[in-house]
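Just so it is clear, A, B, C and D label the chains in written order, and each chain counts residues from 1 on its own.
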Amino acid sequence: MDTVTLEDARRVIAAAEAKAAEIGQPMNIAVADAGGNLVSHVRMDGAWLGSIDISINKAFTSRAFDIQTKDLGDNAQPGNQFYGIHASNHGRIMIFAGGLPLSRDGQVVGSIGVSGGSGEQDQSVAEAGAAAL
Amino acid sequence: MDTVTLEDARRVIAAAEAKAAEIGQPMNIAVADAGGNLVSHVRMDGAWLGSIDISINKAFTSRAFDIQTKDLGDNAQPGNQFYGIHASNHGRIMIFAGGLPLSRDGQVVGSIGVSGGSGEQDQSVAEAGAAAL
Amino acid sequence: MDTVTLEDARRVIAAAEAKAAEIGQPMNIAVADAGGNLVSHVRMDGAWLGSIDISINKAFTSRAFDIQTKDLGDNAQPGNQFYGIHASNHGRIMIFAGGLPLSRDGQVVGSIGVSGGSGEQDQSVAEAGAAAL
Amino acid sequence: MDTVTLEDARRVIAAAEAKAAEIGQPMNIAVADAGGNLVSHVRMDGAWLGSIDISINKAFTSRAFDIQTKDLGDNAQPGNQFYGIHASNHGRIMIFAGGLPLSRDGQVVGSIGVSGGSGEQDQSVAEAGAAAL
């Protein structure tokens, strides 16, 4: 099972931070490994305190289901097939934009979770991070 | 109290695994006894990490209310009679497809919970398992 | 990162069950992977209900610190260097005998957790399981 | 309220990492701010998974009581004045070595938590980190 290293995580976080700085929105950024366990987290100065937990759990969620959290969110709306999934895994499932699997050679090797702005901002920062793997 | 044995649970799980292999989707499969307590769990290679907890809790939920989780889900949508039930039981109530009671001689003796694919896939694998009791 | 497969887990569990049968004490037996996540669990007929959680968490603990839970326990007694560690990781740290890392080619690839008897019994069953990897 | 910045946290973490590398023991290292909230965390490759939570909570604990966790630990042994404190704060209180307040101009502005080795190793790495503030 291939997995991200701390060096990988730092490269991903640096790219995400650069994007957050570019759009002027301080963010919490977390990277998890192939086992869903945290590798690294940073809170940029001024970023929301409540987003520490959210960023770490968006990363967990993306690896837990090998899916973007925004796509899981579509399936988790009332009436849809995974409605209620946010009650599972002891509060660690986040069902809104900002979490992405990290893949290498077609295999998920970890994940990134971003929280601190609008859903659109979180998503764009997470994508910038993921692109740097 | 008639209840599933470990041997029963293994037969149910084997049938569920065979169905999961047939449809090409690795699954987490759990069987609970008449007391709602876990008898056995397997995570097939490559199945989602986030589905460990969900499969075990789908099994718990089905025995907790002697109902299929997808039917409980219908009643648990916003505006319906059990909306909010997913907040009870310390996060153990799952309200989407994949959990089924296991019955023998007209009596519920345990339950199966399956998680790892779409709602439809989880349901079909759980049904294959239940049929083997 | 090498990790146990479901087939590995079943071989380990079968060996542990055989030992439990030999000593006449029904057990809960759990195997976790290299990420600390559950691969499989079985509760032998008549084994304690409270040991479901303990077996799964002994497996988690052994991988979380790459140590036998009985050795962690020695370090976690009042006055010793890790006293209080049982309050960490949201109640998942077990500090008594029955959890062992599973190693292959000198690398920890998972873990086994056994609960259902005395500390000595749990330990001997876990050792029998680990020897089958 | 003077508080550590992300830049401060990174300098502290870098010094702690250098010490961990020097003693050959991979560590989890966390820095919290004056509010006790996580600023940054790194898990060095090969460091214990169970120490993610512990490092973050050692940092929380040190700021929560403006004390080194090893000194709190002395007071938290059976029979001593704070025995039982590890049951408070929802499992976030760590009472063994590796957590230190970070001070500037005689004021606590944050904290560092280190976990991944013996109590003595955790303490020495945390001290190296704190010295870099």
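Here is the rule we go by: a contact is a pair of C-beta atoms (placed from the backbone, for glycine too) under 8 Å apart; a residue touches a chain by one contact, two chains touch by 3 or more.
Since the model is a prediction, treat every value here as computed from it, not as a measurement.
Under the contact definition, chain A and chain B share the contacting chains C.
Computed from the mean C-alpha positions, the centre of chain B lies at a distance of 25 Å from the centre of chain C.
Centre-to-centre separation between chain A and chain C, using Cα means, comes to 31 Å. Here the CA centre of chain B is 42 Å from the CA centre of chain D.
Looking at chain A, one finds that residues 35-37, 90 touch two or more other chains. Judged by the touch criterion defined above, the protein chains form a pattern that is neither an open path, a ring nor a star, and not fully connected either. For chain C in complex with chain A, the touching residues are 1-3, 33-37, 90. Considering their complex, residues 48-51, 53-54, 57, 73, 76-78, 86-87, 91, 93-97, 118-120 of chain B touch chain A. Considering their complex, residues 5-6, 35, 37-45, 49, 52 of chain A touch chain D. Against chain B, the residues of chain A that register as touching in their complex are 35-36, 60-61, 63-66, 78-79, 81-85, 87-91, 93.
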